[in-house]
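Questions regarding the structure given below will be posed in turn.
Lettered A, B, C and D in written order, each chain numbered from 1.
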Amino acid sequence: MVKNKKMSLEEFLEIRKVILKQWPTGDHEALDLDEAVKRLKSVPNHKNFAYKLREAKEKGITLIQPRAGVARLNEHVELLQYLEEVGKADLLPSTIDSYTRHNRYQNAEDGIRESEKQGRSLLNGFPAVNHGVDGCTFLYDSVNSPLQARHGTPDARLLSEIIHASKWTSNEGGGISYNIPYAKNISLEDTIKYWQYVDRLVGYYHDHGVEINREPYGPLTGTLVPPCISNTIGILESIMAAEQGVKNITVGYGQGGNMVQDVAALKALEEQTNHYLKLFGYDDVFVTTVFHQWMGGFPEEESEALALIAYASTVATLGGATKMITKTAHESFGVPTKEANAQGLRTSKLITNMLKDQKMPESKELDFEINQIKKEVDSLILAVVNAGKGDIAQGAVKAFKKGLIDIPFAPSELNNGKILPARDIEGKIRILEFGNLAFSDELKAFHNEKLHERALKQDREISFQMTVDDIYAVSLGNLVGTSKE
Amino acid sequence: MKTVVIGVIGADVHAVGNKIIDYVLSENGYNVVNIGVLSTQEDFINAAIETDAKAILVSSLYGHGEMDVRFMKEKCDEAGLGHVKLYVGGNIVVGKQDVSEVEKRFKKMGFDRVYPPGVKIEDALTDLKEDIGI
Amino acid sequence: MVKNKKMSLEEFLEIRKVILKQWPTGDHEALDLDEAVKRLKSVPNHKNFAYKLREAKEKGITLIQPRAGVARLNEHVELLQYLEEVGKADLLPSTIDSYTRHNRYQNAEDGIRESEKQGRSLLNGFPAVNHGVDGCTFLYDSVNSPLQARHGTPDARLLSEIIHASKWTSNEGGGISYNIPYAKNISLEDTIKYWQYVDRLVGYYHDHGVEINREPYGPLTGTLVPPCISNTIGILESIMAAEQGVKNITVGYGQGGNMVQDVAALKALEEQTNHYLKLFGYDDVFVTTVFHQWMGGFPEEESEALALIAYASTVATLGGATKMITKTAHESFGVPTKEANAQGLRTSKLITNMLKDQKMPESKELDFEINQIKKEVDSLILAVVNAGKGDIAQGAVKAFKKGLIDIPFAPSELNNGKILPARDIEGKIRILEFGNLAFSDELKAFHNEKLHERALKQDREISFQMTVDDIYAVSLGNLVGTSKE
Amino acid sequence: MKTVVIGVIGADVHAVGNKIIDYVLSENGYNVVNIGVLSTQEDFINAAIETDAKAILVSSLYGHGEMDVRFMKEKCDEAGLGHVKLYVGGNIVVGKQDVSEVEKRFKKMGFDRVYPPGVKIEDALTDLKEDIGI
């Protein structure tokens, strides 16, 4: 049974041997840990993710980072250079392709070869494992900003080894957040263990004087996720990362659409992550937040997409996020061209820069939402702790099994899949069907009330159709769905 | 009641559209067999055989669709499903590409109907009625 | 001496005869007032500006309206149809060219002819007087939305006659706001009289059962205008319009850049316009507000321009403006193409629609700014009333002469031109040099304090260079200017 | 100290740039004669004659610039100002047009320097120093 317990060095090194044999690129001199530490120590501050986040937090500014990844190395280098220079990105990603995410390195290899042949990327991301330490280091050397792997990989152990040895100083993901929204039937115990390994690696580096940033994946399915659910999972993954020795964590949240609820979610997330880390005995973790621009279905029209991007940037900046992940005007169609990607960045940057001296004023409404989210999160975390008899790793596994935690629209069969969200009349995300979610009657009553208010105003029933309308709404230029007839 | 098989092909986990397709087709009088995300060509074919389906609706969102559906029509034919209508929709290629070009490529691969991004399942109902009835 | 007194019907009709002779198009059967009333009565609700604003106000939504005008009639028709269909504009404008604004109808005629010859518009707007009632009615018949003339014309009497007889149901401008920012040395007494005529015409129509909307021009020079100044002028012009019988007024405000100050300005504007109208005895005026997207120098980069447009739309919607005037990604270059114009509209519409159910929450900071603006406006209006010994038309003339009211960067020699604005550290517009502005020492002390705070934080002096940096700031992607070195 | 005449031509009332040009050129050691907005060609020429100016900086923002500056060079020559440098800048044509095309048109009309939108007065200082010194 998985436990939230720091992995011993011996166990870690034992597993490591196996991991590095999973694909030929695991065999590289830089994957000697001493050598890797030496390489990572040579990373200057301005190319260190963790450092740049600390600096931004101090200045109170919001950094921007795109998603980007293509199959071929040279094309990927060119892409990131372009996003840095023309797009003015502060932080760089490498979005990993879906075959690599499922450890299908042979498929990825075929994808690279086919892409070379056709002269265009047939993969939806950068196959970092196949390109190996040499390719990834070449990339690192070709840019001036910190690099992070962004993926959705249930078992990212080999990937993580390769990117860190290549001086990429951040890694996105977590045992829950890179399983439930990204897989169908991979055991949660397994993925938590895989990610304990990934975190243990970062902890190892920390013990040897290298600071690496870790980012639990906040938006989950990106589709009407109530803030309490994503915040709870971010907090759980932060605690599990801290146990393995991670000291620099960025917790994430995907834009919901209502400005007040979104700012409240960001504030609650930061405060409660710090609170729970201390409560569980991790005193020296540096916490920042990342806001994801709208993660659901996008409007097709490019001006509308850019408007949504600018609106998201306004919320992130006024809400004080340390980092924001940007989208593009191509979102509803497919992987963006580098031009479209840079355009999304420029749109975002104008706002993060222009609004940097403004914050969302404190208000009763904001306070109320912050407290509401906090109460809900407290209730969910308590349920996890109880389910695990004090151990949150065990608790997480059991909570999912029982549906005490439940992620809307997740593909995983481990997820209860009974919860249904819908918006209230102001567009705040509330819960329509709770399934077995660990909510008190009082908490449920609040959500019911809010949705009744909407049903009344819109003169319609509370039903799955409401959820469906809300899913389509933003791509149609609305926030609160209306029944079409 | 006509049966249709739906699912998301390849290493693709985009589940939202799939759940909505299930709901909308059911509401509109079809018997929906949903094999879910991360499905292989074989999963689709087996389900179609078992349930005597009249159409297979392949979803692909994540960009690898073009690779994932190769030779699917041929396999359907081999399995004796030559008469079953083969649809594909979602974000079936990588990037924003010319719609009619993409349609051509997939039709050449044997798909009866090809839907570009932005076509919601509601918009495809008339085609489905026309092709297989209700 | 001009007085705030309703013009008698005889006087109005006397002047009217002269006005209609200023250009051949003044001689048209539709300019018979009975005929004009008949025509206007045939306007259906959805093409009546005043009606559409009432309706929007009731629904609590924000309508969008572009600026647009080209020399040739057919091209102009095509342009407005495009903005209506592709841009989804709710309300349509005809922006009038600069020659017409200066009553240089012969120059405008040459401009039309030259534009016909070259096949492209050489005028910066639509020369409505030259196109006359026939052209303007053809335009009205060609679109499905209400039409308004937008200009900057000190003497718009003939123009107003022609557009209203052509069933355009709104007119922008005012005796102060279309003089001081738009002219060099035209007497303020004269322009107030000209606009009393324009308002009297609308009052005449109202007496005969036709509701027409009037819109004092809010943004003035569009450049760091402190809210108290533009709000004061909007209120003065509303009172003068009401005296002539206008019953449907839209007061305007140009985006300043700080969200809280902008929302505060909108709220204060609406509340105080209603308050002063009642105080002066005009009980039945229907007041709405219009928010102008950023009126100063725009960023060149198109994605940045669109970001600014989306941000402005966010503020307008959360601030509850009934109407918003949109800009385009071509703003910093020149009169936009119809495509660029529609793009600006679509960007705006996504936001006004998506955010329609959200309002800016009440907060201490917002309350404070509302009260601050109200105190300042009260002080300025009091000074005008005193200067005019109770008559605000006289008072306005004298207040400008003495510099009690002073518009930053205005070209007019009647303006004192001593006031200098600058931003505080949050980007709120404050006053650096007061000249002779009718502010108490207490009010001045507040502005001084705010600018000292900024000077301290930015480690720089309070000087004209601060103002210059602030003028450039937004076009460079900032809000608060910084000294470059 | 060299004298330059600045102003905004035609029916144009854009005053902000004009005030900044005044301030920046003065700060940089020029004797600035500012005839303000709504100025005619004659206003520019008379001011230049009266003050022995070395350059005339015409601003046009509102779009009618192309019509407003016609034959200005010829009038300058007639007035004996052939040696005076003639600059134009701002938003000198209607709409977003090709920059080098526009420059050509205005150079053909006799302007020595032509500045497209986005060129702030600070950016033109080096040209001015090169052409007339300080």
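Just so it is clear, contacts are C-beta pairs under 8 Å (C-beta built on N, C-alpha and C of every residue); 3 or more make two chains touch, one makes a residue touch a chain.
Given the structure is predicted, the values throughout are model-derived calculations rather than measurements.
Subunit B and subunit C have CA centres that are 54 Å apart. Centre-to-centre spacing of subunit C and subunit D amounts to 30 Å, using the average Cα coordinate of each chain. As a whole-number value, the distance joining the C-alpha centres of subunit B and subunit D reads 65 Å. Multi-chain contact residues of subunit D (touching two or more other chains): none found. For subunit A, the set of residues that touch two or more other chains is empty. Under the stated contact rule, the graph of chain-to-chain touches is a line, running from one end chain to the other without closing.
Every pair of chains in contact is given here: A-B, A-C, C-D.
Looking at the complex, you find that subunit D touches subunit C at residues 10-16, 19-20, 23-24, 36-38, 62-64, 66-67, 91, 93-97, 117-118, 120.
Interface residues of subunit C, counted against subunit D in their complex, comprise 98-99, 101-102, 104, 107, 110-111, 114, 120-124, 152, 181-184, 221, 223, 296-297, 300, 330, 332-337, 340, 409-411, 464, 468, 471-472. Contacts from subunit A toward subunit C in the complex involve residues 257-260, 299, 301, 303-304, 306-311, 313-314, 318, 343-344, 346-351, 353-355, 357-358, 361-366, 425-427, 474, 477-480.
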